[in-house]
Amino acid sequence: MSEPSRPSVPPGLWQKCPKCRALLYVKELERNLRVCGQCQHHFQIGTAERIAQLVDEGAFTELDDGLLPANPLDFPDYEEKLVRGRAKAGQNEGFIYGDAVIDGVPTVLGVANFAFMGGSMGSVVGEKVTRALERGADLNRPVVLVCASGGARMQEGIVSLMQMAKTAAACARLKATGNLYIVVMTDPTTAGVLASFASLGDICIAEPGALVGFAGPRVIEQNLKIKLPPGTHTAEFQLNHGMIDLVVPRRELRTTLGKLLSYLAPATAAADVDAPVAVAVD
Amino acid sequence: MSEPSRPSVPPGLWQKCPKCRALLYVKELERNLRVCGQCQHHFQIGTAERIAQLVDEGAFTELDDGLLPANPLDFPDYEEKLVRGRAKAGQNEGFIYGDAVIDGVPTVLGVANFAFMGGSMGSVVGEKVTRALERGADLNRPVVLVCASGGARMQEGIVSLMQMAKTAAACARLKATGNLYIVVMTDPTTAGVLASFASLGDICIAEPGALVGFAGPRVIEQNLKIKLPPGTHTAEFQLNHGMIDLVVPRRELRTTLGKLLSYLAPATAAADVDAPVAVAVD
Amino acid sequence: MISPSRWLPFEKPLQDIEEQIQALEAYAAAHGIDRSEKIAELRVMHADLSHQIFSNLSAWDKTMMARHPNRPYTLDYIKLIFDDFIELHGDRRFGDDPAIVAGVGRLNGETVLVIGHQKGRDVKERQFRNFGSARPEGYRKAMRLMELAERRHIPVIAFIDTPAAEARLEAEERGISEAIAACMALMSRLRTPIVVSVIGEGGSGGAIGIAVGDHISMLEHSVYSVIPPEGCAAILDTFGRDGTRGHEAACALKITAADNLRMGIIDEVIPEPLGGAHRNAAETAVLLKDTFTRVLAGLHKLPTDVLLANRYAKFRALGQYIDPSAPKKKAKK
Amino acid sequence: MISPSRWLPFEKPLQDIEEQIQALEAYAAAHGIDRSEKIAELRVMHADLSHQIFSNLSAWDKTMMARHPNRPYTLDYIKLIFDDFIELHGDRRFGDDPAIVAGVGRLNGETVLVIGHQKGRDVKERQFRNFGSARPEGYRKAMRLMELAERRHIPVIAFIDTPAAEARLEAEERGISEAIAACMALMSRLRTPIVVSVIGEGGSGGAIGIAVGDHISMLEHSVYSVIPPEGCAAILDTFGRDGTRGHEAACALKITAADNLRMGIIDEVIPEPLGGAHRNAAETAVLLKDTFTRVLAGLHKLPTDVLLANRYAKFRALGQYIDPSAPKKKAKK
């Protein structure tokens, strides 16, 4: 991917756009919400930055930040990888959630951290996603989940697979209480996450150019030894195929979310009396 | 369609198969449930014959046989056509329904009569279909509707179109009471009938080779001046495209219906207590 | 004086007067002569004639009006009626159908789900919108979003404007019949108010597929029919199987707003500005908006069970037949 | 002594003995000599060795067993377990997926909805069944029929046997992810009992897509995994990104029935006849049927709300993590 002929970039000051190769001044890039000013490539961003971009000034209270991964299978190397993931991501795990206010609407907001082992869904991610969805159901609030994931966490094996069923069930429960569920797919949203809670949004939004697909195109090309046409497995491809509602550039994301929330889930709305009654199970 | 070179067939004794052109002895054809012994072509049959083929010995009581068509639009020629339709079909209108027992299961059975103005859905057809579905809902019985229709009855204009909404609503009501609804599509089942109650069966069965489609293939070929591949708009085509559950030859239809009814709607089954409560509206 | 790009045949006398006025104005300007009296006279004549023509349009004339290439479409009205609109896409199964648009709109500060057929204005957009002929995906998108509207107690507003549902092989393969049927079935029980307005062509199954609601209105010059009049004339021996006798079929089919109101198919006719909606989209939008506002206020007062019972009864009652066993031995409305 | 068409590597000693027996029998028959004593001895040895081998299979051996080309598939068990079965087809949207079969079956006189992945036995059927890799249509067919089962209060029995869901472009275009997700969501709230059994390969998302139920069992030599072991070995540096170290990954991934039972993922392991299900499909079917019968009898006693609450709680509890703020400061199971 890197071009050895180019002069090395002083770290911290300049950053190269992976799509158009333009050298971008980091401060400028940050002002631009980490979107390349040349080609509109949307960089992956951290959870803190994402939250700051979306919520009303300071209106985020993280919940359950202390949840830590175990090693349910005693999988070799897993603990080392967790240590590295923690260092790389600067967080305990690949997902954080909490109470947020977006455009004045009290919301449960969850954000995936791709830097932590590729945003893979281990027990902690699955548990936090589930808690976020249950909190929405229990408090009658909308839930917004910002996704980024390479899929399952292989080191948790079948336990990771079960997070798909667990989170899908929590989505169904949230909807049965009549509450609104919005998904934001960012680069990349794939595999077990896409095939569970990420596809179940009442409204699914994706960032432009984000990789969105069950299997990545490279996996398909390698396994089947075929060449895919360009542009598959992107946000725009999924929009074309009816899988998502909107592709929204990052600078418009806050406004769009704010409108959808205040139109579809105003704080004054009473609990849904006509929807099927949810059974309390906790 | 006819081949003038062939000798004319003495009416009543022999009948020519429209598909394979074989000359069939009528008594033999009747014994064979009006299925060609050579090519298995399923002839269109009358309502009395159909009912006799499906219900337990004598177990059919027709309801509302006195309903007669009006002329809501004062459409020119309509009344003459009704007279001719009545003569041709030997019935008051294009649909009859009543209480039936099929393989021991009390059922509401309705059968379309293609001979009456092409089985088109005027007010009487729409009303009787609706009454059949409502009777199933009100008495907690399964409903089986045997369809055959060229579509809307143009002479009743918009009133005919409204029968689509009316019958679809009655289907939804039947299902909301938890009851079973089985559709049998016979040659042809098209247009406004297919796009309303005929497509809404919990289980949709079609007879082999039946024309089943929204617009007939000839209409499409004429309008678009294209040639369709062979075999479109048939029962088998619809099975391939996921639109129907089963293609069942006529000689197996009674057995299949009997099994489905006794497995899925045994007479002893209590009313559905978990399903959403239907609002009585009549 | 708005000048539509195309004149319909019955507008010929108006066209003549407008051309005379233009000629006089040009002449007056060029020669510095005052022709204002004559022009004023012509304007009065134009107004009188307009009233006369547009209040006496035949069913065939109305068909032309409903299909007028300048007639406002769903997205035009959405822009004029709603304070905000966020279009949503996709059926989550196969694709997104541009022939049916759907999204969240704001009507006087209330959130509504808007759905509607969408035709295209120019050649390219017409193709993109498939001439307003919806595919299965369109109905399935509408269903998906109506289920959301139900859960969030948001009323639905549906604009009807389609020549017919798409019937080509690809639509058949993906179940256009099933999609229409399922959409009607869903709407018949959707636990939120549904307000429907036919704004142009209410074309057969393609139209009724999203037209099951609590209140159905038609714009004055729109049509609502089981089949296009030409199609009817081409098929029925009644009209000699002659496509050129569409005007006769149009009349026989009773497709105008007034016909539909008289027969009890619709609840209300919304008047159009003189000369038709395309001569004043903004004014038409105001009239539509007033109707939606008034109707929704009434529907919001009903408990949901009553709303649904009424909706079922409304369509249940449609049909005219003779029931000799009924208590009163006459045709039932 | 059933002779499978293919011997797995760990069956080599058994193959040797069986060949010796056959040779002795042939020799004895040809020469009129009595070798019955020796043969009986070999048979005892075979039985002892069989017990030893099949009760000590590694995770990788079990993977081979689960994929054995002679292993009974869903339709084989359906034939053996149910008194009658009527297969139903189609998702009413796009197509019928032969990789998931579904239909109405009779279990001891009770009607059940049966769904299950279906692999193919010969080359042609394998292609037809897409090797048991389901497309979106398969999950949508299952959903449609499960909704009918719910309405008619008919329990669901699901057979799991798939390498993975279909991931190729066409499946992507029609929303394979959405289909799997929606199917799990539906099953999590379906108001009728759901009994699931992994009979062969429980392959990742393709498996869990129809495996959300009240009781989950696995046949003794089946596997249930988030990824095929070879795939895992090829991706993770833990195994040197080496496809040949699948046996190590299989062990690390804890994919056997015993592993899954220990971790609380499943409720029960159903023993297989000595040598595996493919050596005695009929006996395996009896064991499956006994399980279904017993489990359903228990589930039928629960009020629906309790059934659903239990089902939710069952999957809700899966996951292992450290919650420092939890009352008991230790890993939660």
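Going by the order they are written in, the chains are A, B, C and D; count residues from 1 in each one.
By definition in this document, a residue touches a chain if its C-beta (ideal position, glycine included) is under 8 Å from a C-beta of that chain, and two chains touch if they have at least 3 such contacts.
The structure displayed is predicted, hence computed values, not measured ones.
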Where chain A and chain D overlap in contact partners, by chain label: C
Chain of greatest Cα-centre distance to chain D: C
Distance from chain C to chain B - Cα centre to Cα centre, in angstrom: 32
Rounded Å distance between chain B and chain D, as computed from the means of their C-alpha atoms: 42
Gap in Å, rounded to a whole number, between the CA centres of chain B and chain A: 50
For chain C, residues that touch 2 or more chains besides their own: 92-94, 173-175, 178, 182
Per-residue overlap in chain A, given as positions that touch at least 2 other chains: 199, 241-243
Pairwise touch network: line, ring, star, complete, or other: other
Chain-chain contacts as defined at top: A-C, A-D, B-C, B-D, C-D
Complex interface listing, chain B residues touching chain C: 64, 66-70, 72-73, 75-77, 122-124, 126-127, 130, 152, 154, 156-166, 168-173, 176, 191-192, 194-200, 213-215, 219-220, 224, 228, 232-233, 241-243, 279-282
Contacting residues of chain B [partner chain D, same complex]: 175, 178, 180, 199, 202-203, 239-246, 256, 259-260, 263-266, 269, 272, 274-275
Chain D contact footprint on chain C (complex, rising order): 92-94, 136, 140, 173-175, 178, 182
Footprint of chain B on chain D - complex, ascending: 84, 86, 88-96, 104, 106, 111, 137, 141, 148, 150-154, 191, 304
Residues of chain C that touch chain B when the two form their complex: 165, 167-169, 171-178, 180-182, 184-186, 188-189, 204-205, 207-209, 211-212, 224-227, 232, 235-238, 252-255, 259-260, 263, 265, 305, 308-309, 312-313, 315-316, 318-325, 331
